[in-house]
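What follows are several structures.
There are two complexes below, and they share subunit A, which is joined by subunit B in the first and by subunit C in the second.
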Partner chain A sequence: MAYGRTRNRKIFLIFLVPAIAVLFLTTIYPMIYAGYLSFRSYDLAKPFVPRVFVGWANYREILTSSEFMHTLIVTFKLMVITLSVQLVLGVGIGVLTAQRLPGMALVRTLLLIPMMISPVIVGLIWLFLYFPELGYLNYFLSLVSISAVPWITSTTWAIWAIAIADIWQWTPFVMMGTAAAIHSLSPEPYEAAMIDGNSRWQIFWHVTIPQIKPVLISLMFLRAIDAFKLYDIIFVLTKGGPGDATEVLSMFIYRQSFTFWRMGVGAAASFVSLAIVVVLITFFFKSLNRSQERI
Partner chain B sequence: MLKPATSEKLLCTVLIAIALAVFLVPIFIVAVSSVKPTPIMFQKPPSFVFEPTADHYINLFTARPFAKFIWNSLLVACGSTAFSLTFGTLAAYAISRIRHRRIKDLAFWILSMRMFPPIAVIVPYYILFKTAGILDTPLALIIVYSTVNIPLTTWLMKGFFDEVPAALEEAAAVDGHGLLATFFWITLPLVAPGLAVSAVFCFIFSWNEFIFALMLTGSEAQTATVAVMSFWSSDAVQWGRIMAGSFIIVIPGVVFVLTCQRWLVRGLTMGSVR
Partner chain C sequence: MSAIILRNLVKRYEADMAVHDINLNVEAGEFVVLLGPSGCGKTTTLRMVAGLEDVSEGEIYIGGELANDLAPKDRGIAMVFQNYALYPHMTVRQNMEFALRPLRLDRAEVNRRITETAEILGLDEYLARRPSQLSGGQRQRVAMGRAMVRTPEVFLFDEPLSNLDAKLRTKVRWEIGYLHRRLGMTTLYVTHDQTEAMTLADKIVIMRQGRIEQVGTPEEVFVRPRNTFVATFIGTPAMNLVPAVSADANLHAKDFSLPMPQKFRNHVPEGLEVLIGIRPSNINLADSGPANVFAASVRGIEYLGTDALLDLRVGSEELVAEIPAILRPEVDAQIHVSFDMQSLQLFDAKTGQSLESI
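This part shows the complex of A and B:
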């Protein structure tokens, strides 16, 4: 393009500015504001206490409190449970449904539905199934002679109740990614492996898995970031309880800010969570770069 | 690829049937329960043969102004979609065409904006919108949802723009068309499927969102998800209304899956999978 190169560049910049400006206003500004709050004593329950600069006091308070450490442990426990189950089930179903058989495309499509449902509705659906005394799930389990499980009322089971709802919603995501990745593979390595007389299991483990690994890693980081934000399902099912059995980081922030009205402490916890997410996002981008280079 | 034996084929079919049952039965239960009379709602074994009732839907729309809440949801979803699609598409085109070594960093920065935990920024939003006097209006939610929808649109559309052959735009330039004319009359029509998919993703996200809507709206701009949740209280859970409302909220997502599945993979994996 010989003509007007600098003019084009100007137009490109004009195209970019609105999006960046909006994102600055709606994301960077609130984050700076949260950062500002995190260094202040900002207690809405005590309106007459002056809102002064308190340095690192809010951070020191949460980082030394056993309650906050407990929420971090619960958050990561939930993340490990949901991610590992989703990975195994998702790859399994993905491999099954990736076969080029009649009707399989429809099966893949139908399995995507849970992902498109509002998380709060997913919570309500599972609340209906888990509901003490009334829910269908324990009835279904009793048909296969499993005794009633106190899903949302017991401190041991509540985290599993949440995990199951999240696994139900997001296993299709891993399935979909696996099936799509398998479809993009070239047939040559398979032909070679078959000529060498390998079993189907060997081929799956030594040919398929290594080839789709980069995609799986990207998918898992996306899931990790989402698992970290998981909120709606917990809000509906347990509200962090019983006791503090399912109090994840986002629930802790919610409680500090809107139950105890300690905005400064809530903001400090928000920043800790932002820092963790930044680390996850960095890893995700690295893996995304790597998987795109392969394509 | 591989020719499975008959017994393996049978096993496959059984496993796939189980997967379909596990992932679809809960949705089926919502649909059935939304028309089930309250006395037999929790009857066991669950009955599937009964005279369907419209009571739950009637109650849903008369007990609270649910039609208004659906309208609010639609307003917010359409507003946010229009807003984010415009800005996101323009930014995506620029990112796709600018040749600069830092442009990839900018694209990643934009994408990262949609990944931060919403709860971390709710307090600043609340204070900001209160000062601006737009708390409890659809506008507040339209602005907030753009933080997710603009990055999504930018990232998706960049992929579509990358695939438009450069020769087409160069030919238009040789013919004497300016960049803007080329963009609007040649490139945009070519990426129409991308625009449609981005629009649907923006719409579904906004339609489904709960926590921002809960914290930033009151009785005026309340959306459908928040309204359905309000039928849940510790003393009396009105399951009939909850199921009816849930079913209504589920519908757009299901329609989307059944009509656009081809493009879903790309949108959901942020380009990890093509």
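This part shows the complex of A and C:
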């Protein structure tokens, strides 16, 4: 028995080592190295200049720069827009597709397609749609006599253009989670509620939503983290512009590190971003625990 | 309280008949149990009465009104489900409140009803708890409470005790019986457990394969089963059925003969192949000697405390007997048994129908 267990443990190790090695090389080591860099001045254009220790200077620079604050505001604004729309749309469509009707499985699969496309491709698709003169979107708008919208060239519209593309891609994720959560609910409480004579809306609001709330919180949390890291679509559509209208946090980090070659500042910004995500996670687990205690 | 009338009720799933032409009257205030093995159509019948399943053919009347096309909420019914169907995120009080919501009662009336119901069911202390903090028995009482607060005309129970352990089952069974005597609501109750049916019902409806086999009081279905299905379904252990042929006012089984019991003498024809139904409790230990006493060997004994079950061989015939445990013989003992002749049942071996009062 003991022999079997130690042998099992060795097998565990054999299976675990590659994963741990990859994790170490691609996540843990870069993170430690970034932590190291965030306290140094390191100009990528001058690789032979020694990386001088600068203390908190990089952090101080970021946290006092209005540019960084602006990116934070843009990031959160984008997060709030995409999250709220994805929640409402995703839950709505999820409820509809959770109905047990013939062909619904096919509908659900079709609706998942946006999610399966690589974000860069999504960006390109929407780039074509948004194209000022030749884009389909403005063409369709012109058909209903709405004048052309400067989707990605106006500072007010650009953030919406990005939000729409992200919403298009990720609403199916919320939809799928919602439909799955609804399917996992037992049908009897619904029958009981029907016999009692509660309206569909009341049943949805008082029976369905509270029961799938933990799932919704998880979905929102995953979307929040992704929205916080949103990069590819923006890179393709606006590259943070026009001006800095859509410069989000990850765009800022990219620009500091690889456009201005200030690796130290970029690394420090990454750590600030990490700190914000950690706060988000903590908040999420708190609220999840609270909603599960109630069930 | 409303009566329920089922007229030629049929439920078809594509080609399958789940319920075949059911006719049933449930009088106002009556407690009727639909009893049968799983898949016999009893739950489908109940769900049609509730309005949770469409009726394929036939009519359902509740309180004199044709209910086929009424929405569940308009049928004046309340239903208690096997797995309680409580709203898991709501407290006991909120569960009851949500059931009352469509009635748009004022606050005071809602509170009065909940307090009263909680008192009847002994749920006062648990009103602030959620279902997950309650035992199975308590949850089922909450489910009954949620049904009761609406003061419905008709109560429907779908195997309400099946998820409870044996001890609780007895307790909640007593409670349901007590509630029915106290509130007198019309009740339709589905179960596969004959003990529940025997103890609770005013009238038992025994179903098999979508058809009604017999309707009667618990005593009627036990004492005068209409066919071998009912005879062996009701009563534990099941009734013994011994093949025999009637001749010369006697019943000749393979290895023994019995005189034809008085009540069958005039109308069971000569030479008819029959099944003799003998309840295990109607087999008694006897001294050897007198007429109608048979030698038997004891193949096995199950000691049940008060009683004991004997696995007997009378000739080549296998019989189960139930005797007071204190009288039980040893395994492999050779004993003598007699039968309570007036309790014997006779069935036509071909049709399985009872031969009583043809």
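Going forward, the second predicted complex is superposed on the first by the 256 of 295 C-alpha atoms of A that agree within 3 Å, B and C clash if a C-alpha of one lies under 4 Å from a C-alpha of the other, contacts with A are read in each partner's own complex, and residues count from 1 in each chain.
We adopt the following convention: contacts are C-beta pairs under 8 Å (C-beta built on N, C-alpha and C of every residue); 3 or more make two chains touch, one makes a residue touch a chain.
As the structure is a prediction and not an experimental result, all values here were calculated from the model.
K.L.:
Clash or fit: how do subunit B and subunit C relate after the overlay on subunit A?
P.N.:
Superposition check on subunit A shows subunit B and subunit C fit without a clash.
K.L.:
Per the contact definition in the header, classify A:63: touching subunit B only (first), subunit C only (second), both, or neither.
P.N.:
Once the two structures are laid over each other on A, A:63 reaches no partner at all.
K.L.:
Quick one: classify A:177 as touching subunit B (first), subunit C (second), both or neither.
P.N.:
first
K.L.:
Please work out whether A:149 is in contact with subunit B alone, subunit C alone, both, or neither, and reply first, second, both or neither.
P.N.:
In the superposition, A:149 touches no partner, neither subunit B nor subunit C.
K.L.:
Angle at subunit A, subunit B to subunit C, CA centres, as a multiple of 10°?
P.N.:
80
K.L.:
Check the residue A:186 against both partner chains and state whether it touches subunit B (first), subunit C (second), both, or neither.
P.N.:
Only subunit C is touched by A:186; subunit B is not.
K.L.:
Which partner reaches more residues of subunit A, subunit B or subunit C?
P.N.:
Partner with more touched residues of subunit A: B.
K.L.:
Please work out whether A:207 is in contact with subunit B alone, subunit C alone, both, or neither, and reply first, second, both or neither.
P.N.:
So A:207 only meets subunit C here.
K.L.:
Of the two partner chains, subunit B (first) and subunit C (second), which one does A:13 touch, if any: first, second, both, or neither?
P.N.:
first
K.L.:
For A:194, select first, second, both or neither according to whether it touches subunit B, subunit C, the two together, or no partner.
P.N.:
both
K.L.:
In whole Å, how close do subunit B and subunit C get at the C-alpha level once superposed?
P.N.:
Least C-alpha distance: 8 Å.
K.L.:
What part of subunit A is shared between its subunit B contacts and its subunit C contacts?
P.N.:
Comparing the two interfaces on subunit A, one with subunit B and one with subunit C, the shared residues are 194, 295.
K.L.:
Can you name the residues of subunit B that touch subunit A in the complex?
P.N.:
Within the complex, subunit B touches subunit A at residues 1-2, 4, 12, 15-16, 19-20, 22-24, 26-27, 29-30, 33, 42, 44-46, 86-88, 90-91, 93-95, 97-98, 106, 108, 110-113, 115-125, 127-128, 143-144, 146-147, 150-151, 154, 170, 173, 178-180, 204, 207-211, 215, 225, 228-229, 232, 237, 239, 242-243, 246, 249-250, 253-254, 256-258, 261, 264-265, 268-274.
K.L.:
Looking at the complex, which residues from subunit C come into contact with subunit A?
P.N.:
Contact set of subunit C toward subunit A: 50-52, 71-75, 77-79, 81-90, 98-99, 101-103, 130, 132, 143, 146, 150.
K.L.:
Under the touch definition given earlier, write down the residues of subunit A that touch subunit C in their complex.
P.N.:
186, 188-189, 191-199, 202, 206-207, 210-211, 213, 294-295
K.L.:
Going by the contact rule at the top, pick out the subunit A residues touching subunit B in the complex.
P.N.:
Going by the criterion above, the answer is residues 1, 3-4, 7-9, 11-13, 15-16, 18-20, 22-23, 26-27, 29-31, 33-34, 37, 93, 96-97, 99-100, 107-121, 124-129, 131, 134-136, 139, 168, 171-173, 176-177, 180-181, 184, 187, 190, 194, 200, 203, 215, 218-219, 222, 225, 228-229, 231-232, 235-236, 249-250, 253-254, 257-258, 263, 266-267, 270-271, 273-274, 277-278, 280-281, 285, 288, 291-292, 295.
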